[in-house]
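When the chains are written out, they are named A, B, C and D in that same order, and each has its own residue count from 1.
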């Protein structure tokens, strides 16, 4: 299959590589010449604009930082819609707000194209390994059409419902994630301050009603889970600034439908504090630093 | 073994029954004659005071609503310490604050007794089935001494560390639980308002990084998990007022060590709102009612 | 002076009328023909587009709901910048985000015009009476240039600093306002539930360290301040949805500079809850309804 | 008049001195011999116990850190009730919870004494100057009885209602205070980060709807109000730990009547964070340190 791929960042580049590995012909565009060269070295065809990348292909995939970039890539004079043939589906794997998805889908529909939201989870590790989860919003037929392409890059391809629901699923999952991580951070820090061994506390929570991914897989207290970012100084993982972006999408979406998100809004402030403290690139589980005293002595806590 | 059991409420009564079933001789005390009679019918010996129930036994177990009751049962003129023999352990399975545990342990030590905190999780169902988890605080030798007794009432008997750490474990677990449940309620309600099928959203969260007991076992949105209280009008389960009590213990303990618990304090207010709305006896997952609009139409949310 | 005025809503219409009363010649544009007719009846000249309204005048004033409208009014083909002469100042009295102000100011500067942010406080009453406060952002010379025009519509014309600081002042003031109103609502409701006469409590707070505009002028508890919206069923005043808009601007601006606003974010959720409950058009002091039990009996509180 | 005074701390000592200055005969008790000596030097009579201090007097005043101290001073074997004559009123100026007041009032009533809650505002400055505000809870006749005594120590003697309402008034006022101070801290920090001159912002808020004591008298941003603690490194004033204590009383009282206090609970965590950071003795306006970046450069905020 001939595929146009636009946006070769930390996520997009390994995703495009997996398309090549699966035998697809891939035309790529990115503002970074270095990023493009890496893909060209692997067999991709470099393009000078989104328009060119979208021309003469059977599918277009975009993986961009925010809705503003998607808008521009779609509708600029040298954008996707200027080059794409009628009927070719556009898959957007960026994480953006559901309202923008609807606007882009209408825009694409007027050009005779379907616009399918397909944000991912799984991080850069999943992107490299081809084990991403894709949360797909769009019609049943559009879903069936793009599923084989996504299968070259991911393990779970989930149809979430109509246009925009892929983004809704991602935003809502990450809303729970941001809250539960901060909640685990509070509980682990409180336990430490009250004198219980964090490993013991972690083990109890992980076999009880408090168990969650933030505790049993990504526990924010160093030493509790050996493979978690907390046990390697919060390097790697899912960055605080990315969590902050997703909580921003969640609270904005909530505002748009007048839906209160008390804990989500508060969690957002906690990660924002971390970011303003210069910790935006640490794994988001570093939010526990807001709770633990420096020495971690357990003798009384302390937020910073 | 001869065991004194004080406090025959919703939890204490089935626990004492399991001791009888295991072949222990059980002396019981409760202010409710009816509660005592049920145990007597099952083979227990009724006592007129905690003092009597604690006399001539090898172990005393208390299961009471709050620290004030434990204090009174221990130290009243006709209390446990007035009747108990030196060396006999006192197991308190009430959920109370860790500071009180320390005070009671010192009091007991002056009488030559160990006081072991052993709060439970598993609810009335676990109490009846004998599958409770006991979180035990006390010395290693005290733990070994009481473990066989607890094994007649529970499945997991976990040594958490020194005196008070049983309560710390329970409080910290329930802090995570109270936060994650409210977080799931926010996310499920937001998703509904944004138009995704709650069952689909639940399935995605439960296989992704947002997965937690509050979502995969006790999901607060009706219809997502058939066996959850949400699917039976929030009856049964873990009452909102009990969650409120535990979050009160958590925030109080946090205050005592100057440990911030931002999300915990906010979650406490949410359950307090539910309680003030008359929903204190509903399962705590009913907190989702604060977020969903009445009709649950998904057309824009609504907090009550 | 010849002035172009664009946006004749609840605020804009009385403002434009005051310009006419002060003897200015006013060219007006609004999408609502009825709104335009009212001004024409008072002596204004109707225009078919922002471009026409901005042509052949010495000053242009815009009063619009949000930044998107300002952008469109400025830069559409028939927009202000298409018609305005070089050197004529554009005063924007809309409440919008400071980042948009900067973008609009740069856009205007490229056309040889100054763009001055001048949001107001004082409400529709102040607009009618000509007693508004204008918070003005721009250079000292631009401020001196527009001050006489603003003086026809307001009583206090305050220079806040460079471009955008007028919006910053308004947003920050309303951030305090939204928080303090909800804080007073909590305290008055708590006092009522604990059995103190609200009038007595209000009087004490108003002569003590808790005193604030939200308590001594706009107290949310009915009967405490006779002239407050609370004493007329929360009609009139400053609508909940407007407060919600301004808290949205505040939390968005905070996000843009990574500045935590814990209480502001939580207050936003409270007003959002009110709005989702259908109370968006009530005065924002109606937020107390989230705290008081229906009967207001003081017998134990109740959030709704 | 002969008056017994128990509790000669930072507040109690200057209050007792003012009674002496007003010509009353004062019998004093405190655990600190140095504190007692200071009063003796000024003409007071030292007593060896609360019982002695309460004997042969026409009025007893207590000024103690917390309810536990009041309970002990009242009901110990050598406590007030062991020495006081029937009919002599007991005025408690400590800040404690309303529920304890009721318990103490019942206890005193059984001994034939009235127990009047009369917490103060005005700080150590007001105590020294004799300009305190007393918020008095008790019957109208009890209020008339004690008013002349209080007038020797304060300027405003306010009858709040029945027993306990003096504490309710104080707690509710300080709930507003704690919230509005943190709210002003958020707004001033946000304004600084967004580039407005803090003095200008303060001046605007103080003449607008955000005005409050926390902004116009005690503004937390250094340099805005010359006489505020912020302009002397947060020394003096009302300590963070005292605000934390009062917010603890407020949230506890709210819990007792199931009244939500969302912002109050969150503000409590903010001051708790300050206290855990070692800032418990700084004026509570130092809470702004959680929001401002170290350099206060206005270049992007920063929580600590």
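Note that in this section contacts are C-beta pairs under 8 Å (C-beta built on N, C-alpha and C of every residue); 3 or more make two chains touch, one makes a residue touch a chain.
By chain, UniProt protein names: A, B, C, D = 3-hydroxyisobutyrate dehydrogenase.
None of these values were measured; they are calculated from a predicted model.
Set against the Cα centre of chain A, the chain with the most distant centre is D.
At the interface between chain B and chain D, two copies of one sequence, more than half of the residue numbers in use appear on both sides, so the contact is built from largely the same positions.
Distance from the chain A centre to the chain B centre is 37 Å, each centre being the mean of its Cα atoms. One inter-chain figure worth recording: chain B and chain C are separated by 50 Å, centre to centre, where each centre is the mean of the chain's CA atoms. Multi-chain contact residues of chain D (touching two or more other chains) are listed as 254, 258-262, 266, 270, 273, 276, 300-303.
The touching residues of chain B, when paired with chain A in their complex, are 98, 121, 133, 135, 156, 158, 160-162, 164-165, 168-169, 171-177, 179-180, 182-184, 186-191, 193-197, 200-201, 203-205, 207-215, 218, 250, 253-254, 257-264, 266-267, 270, 290-291, 300-303. Of all the residues in chain C, the ones that touch chain A in their complex are 244, 248, 251, 254-255, 258-262, 265-266, 268-270, 272-273, 275-276, 280.
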